[in-house]
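Chain IDs A, B and C follow the sequence of writing; residue 1 opens each chain.
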Amino acid sequence: MDKLTELSYSLDTFYFLMSGVLVMWMAAGFAMLEAGLVRAKNTTEILTKNVALFAIACVMYLLMGYQLMYPVEAVNSFWPGFGFLLKDENTKEAVLASNGETYYSTLADFFFQVVFVATAMSIVSGAVAERMKLWAFLLFSVVLTGFIYPLQGFWKWGGGFLHESGFLDFAGSGVVHLCGASAALAGVLLLGPRRGKYGLNGVINPIPGCNMPLATLGTFILWMGWFGFNGGSELKISDIGEANSVAMVFVNTNLAAAGGVIAALLTAYLLYGKADLSMTLNGALAGLVSITAEPLTPAPILATVIGAVGGVLVVFAIIFMDKVKIDDPVGAISVHGVCGIWGLLAVCLSNPESTLKAQLLGLVTILGFVFITSFITWLIIKTVFGIRVSEEDEYNGVDLSECGMEAYPEFTVEGSKH
Amino acid sequence: MDKLTELSYSLDTFYFLMSGVLVMWMAAGFAMLEAGLVRAKNTTEILTKNVALFAIACVMYLLMGYQLMYPVEAVNSFWPGFGFLLKDENTKEAVLASNGETYYSTLADFFFQVVFVATAMSIVSGAVAERMKLWAFLLFSVVLTGFIYPLQGFWKWGGGFLHESGFLDFAGSGVVHLCGASAALAGVLLLGPRRGKYGLNGVINPIPGCNMPLATLGTFILWMGWFGFNGGSELKISDIGEANSVAMVFVNTNLAAAGGVIAALLTAYLLYGKADLSMTLNGALAGLVSITAEPLTPAPILATVIGAVGGVLVVFAIIFMDKVKIDDPVGAISVHGVCGIWGLLAVCLSNPESTLKAQLLGLVTILGFVFITSFITWLIIKTVFGIRVSEEDEYNGVDLSECGMEAYPEFTVEGSKH
Amino acid sequence: MDKLTELSYSLDTFYFLMSGVLVMWMAAGFAMLEAGLVRAKNTTEILTKNVALFAIACVMYLLMGYQLMYPVEAVNSFWPGFGFLLKDENTKEAVLASNGETYYSTLADFFFQVVFVATAMSIVSGAVAERMKLWAFLLFSVVLTGFIYPLQGFWKWGGGFLHESGFLDFAGSGVVHLCGASAALAGVLLLGPRRGKYGLNGVINPIPGCNMPLATLGTFILWMGWFGFNGGSELKISDIGEANSVAMVFVNTNLAAAGGVIAALLTAYLLYGKADLSMTLNGALAGLVSITAEPLTPAPILATVIGAVGGVLVVFAIIFMDKVKIDDPVGAISVHGVCGIWGLLAVCLSNPESTLKAQLLGLVTILGFVFITSFITWLIIKTVFGIRVSEEDEYNGVDLSECGMEAYPEFTVEGSKH
């Protein structure tokens, strides 16, 4: 039956690669979402950041991250040790000799994992938009993707102490989304709000995004890519049980997003009397983040409800952030942080193997570790190079100061100079 | 050979899920196409509608539609009866015991089917753009996706009387596209044309779309997604014959779109002396809709011709609609209705099992049933809540009245106030 | 084991079809990239060209190209002879009798190949943007996709003399990218630069693209599609060795793009002191083109370096082209030509079966043959119909003269009239 094992290996590898392509596509989703939600004068810069961070994430994860996160032999359950550059030793002989334990290409696994790192980093770029220095951001992305992300990732997915504690996080509400949001929060706190966002006497000035079709496109791209993100995290599809599981993950992922959309649309309507598109888009993402920690065990109707709760949460979280003057232009901390936490807790609603204690341990560990290490990293960068552009550059837009190029040079831009 | 059956099941399930992802992506295609073809002042609202209708379609199809369309045991061939919420009983034992009859996950089937419902509903949103109340539209989408679509879908794909009559509709020129177009036509007739579209003495004022790159992107997305739409409708890929069939469907789908593009481009050029991009894009979609009822049996060259005829038809259909003052801002009724009908008839060109009688029966049934039930639904909504925004709101754009948010707040908008 | 052979055939066919879908998607990538990098007044026309050329490529390749490139029996290794229309004779019996030689559907192969032709032609459209007559371009696309591309493709991939010489070109740095760039160069030389691009005393006037989010989206789409382009070119995935190879191709393709991004970003920063988004995007594409001739044998770190060298090369190539007044609005000749050449030579860095001599033979043959035949074709079209729009039409934008339709009719357009 060797040929059968080979075919099975091929199918699982192909499934991994296709899932990876879908997750890679999420990089475009974040780029479009963020470009749509900032002002025209800051668009080129956020696009540049999104392209560059993806490239940096891929190279840093090759050089450092993958070995750190998935060590051949870990030193202990807190520190994986350093390994060396990627190599694939999955020869035919090795695979067949493994009796089915090695069931897909290591390289396919690397490809799938590397696009996850980039996702975590993409979350940060939106939150610090419109006022951060480009090179400070890219420097931080080197540290997050090469060290911070892989280390906490090792604790869960690499078999470290969070895994041993029984902490459950199927596709990364915590490891990816809460991680990204925690790093973003640290950056935003050190960076401060955009000029003019918060006025006297608690006045909050809305700064609308300049291109809503782009933001909508980005959301649809992320929704699509999430089928790879969650669907691929089952890691195997080549028998009936696994195939059914992957299908369940697809169904639940889709329904959680749908639930998030409807809940956010209605919540915003009840609050504002309008069908608020930004909130609706964030509702979709909120639903997706919420189901990511456990998209397999809930029944479809429960998945819809978990997403819907995320959709309600995100609306109030965005309002709350503005109340406490944490200026997050795209709502990334609310979507990925608040709903990431909700997703980790919601595991207990359907997975009998979960414990609230382990979920809280994971949650606190990721939030704490990523926030603190990110804060220190941002602080060092701030002290050495500075992280915020000058007042004049912010007024004129970071596109000119950082990239020397306008995003829409021919369209008359109104009102972006505030 | 159990392991072989398992692998086969996994491959078919994976093929279904990937096809479903491509069809889900069509939601983004419709959103971009429609956002590109309306005026700037009505863009946020059409984006909101597209995101919300997709979410509603998913939830309604979970709650009602799937059980109605694919009942475990139908009451009779006209009325399926009501079933209950989705569950997956495809355990390993059940699948193996079925002797190959159960060859993919029910959940994967649900995922594939649910994105079809959303497609049908997306067709409607373009036709009623720029003047309909958002909530009236969403209310209608509840009825269409929960009841009207599944019931006529049951008649064909669920094994009802259209199926028994020999009516052939491979991937839904009728069940999906004509269905959507019929519902749209009913809505447009009750809604009336946009203000200023039709002047005195038969003058037709063109209202150009505000963002042609978006419309082009939407068309490419739909073209891509159609490989899942038609390719996945073969339902199986795990043996040589089926794999060859799926490949043929891909080739023919692509060539029909190509034929539609060339034919529409040339037709519009002969009529207007210009290479009309809107017509060219509609030509691609026309070709795709035309081949959808039978993408398997035509030789590739015939598929190209079937698409090309669709491309010619759509140009004249769009002109005709304006003549009779049916105002359809994106040409949805022409693309999906007229070419849907052509597609159903074109089955007879290549499939020896088809009969013109059965095709006409299917065509008349779907058109009649969906038009009448939709008309009644729209009429009730109109009577109770109203379906059209006020004159002032239409003048200022539905973005402000319905969503409280501009799509392009920084770009000076010229000439949209007519 | 017949059933096993069938399943293997199905998996390889499915892998081919999914790869083809990803390559087809690149058509949207080129359309968005080019639409983003031209001025607003020339956007509708370049969109029309991109949609129409894809359709023409598909039909011409069906009618002529596929038979020319992959003849059932070639006349000799220089001239394939003419075959007839596509047919699929891969019946179950034939496949099983082939003892594994026929391992995927011919139709799936056609689908995969046809989207490659369109890619080659897409490269041309960017280089001749903003001043060429639409119909002259489409006429040329008939010749390139029906004759020029397939003939040189036959020499390598169809088993012709370049293949026999030991020339290696995995996925087409030469056959596709250098081919497209050579055809573009011939066109640009006959067409001349855009008015106002080059002033007196060597002044070069930058003409910035009007929509950078679109250009970024296009780059991400191309990056995504390249996984099908390179990944599918392994042609088989159904055993352990092939699955590992496909995974390696994915990893290397991704890392080469990442290397290209980082290198181009840093190079442009060192030259201009700004993070230049256009150059960064071209860096990604440069990395992708550079790895396309050999994405399998380099170690991941070498793939990153090959891409990075491409990223540096493209920046200097773009500067050089402007120095010698070859006006290429999107940098297509630099990206696909210069990096295509680099990619062909870089094969020798990792593949022990390559020889510099054979690589140079392939390079010179493709460049020479395609440039000369394209030049003659463009010259004939120029003589008979003209290839350049009038001065007035160029000033007002080709959208109005060629398509009769603006791309952004409501956005005030500033500064595009120069």
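Definition applied: contacts are C-beta pairs under 8 Å (C-beta built on N, C-alpha and C of every residue); 3 or more make two chains touch, one makes a residue touch a chain.
On a predicted model such as this, the values are computed, not experimentally measured, just so you know.
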| item | value |
| --- | --- |
| Least step count from chain A to chain C, where 1 means the two chains touch | 1 |
| Interface residue overlap between copies chain A and chain B, same or different (over half shared) | different |
| Whole-Å separation of chain centres (CA-atom averages), chain A against chain B | 32 |
| Sites on chain B at which at least two other chains make contact | 4, 7, 11, 18, 211, 217, 408, 411-412 |
| Of chain A, residues touching chain C in the complex | 3-4, 6-7, 9-11, 13-14, 16-18, 20-21, 24-25, 27-28, 31-32, 35-36, 43-45, 47-48, 50-52, 54-56, 58-59, 62, 85-88, 90-92, 95-96, 104-108, 110-111, 114, 134-135, 211, 214, 217, 402-412 |
| Contacting residues of chain C [partner chain A, same complex] | 1, 4, 7-8, 11, 15, 18, 22, 39-40, 208-213, 216-217, 219-221, 223-224, 227, 231, 237-244, 246-248, 250-251, 254-255, 257-262, 265, 272-278, 280-281, 284, 299-301, 304, 408, 411-416 |
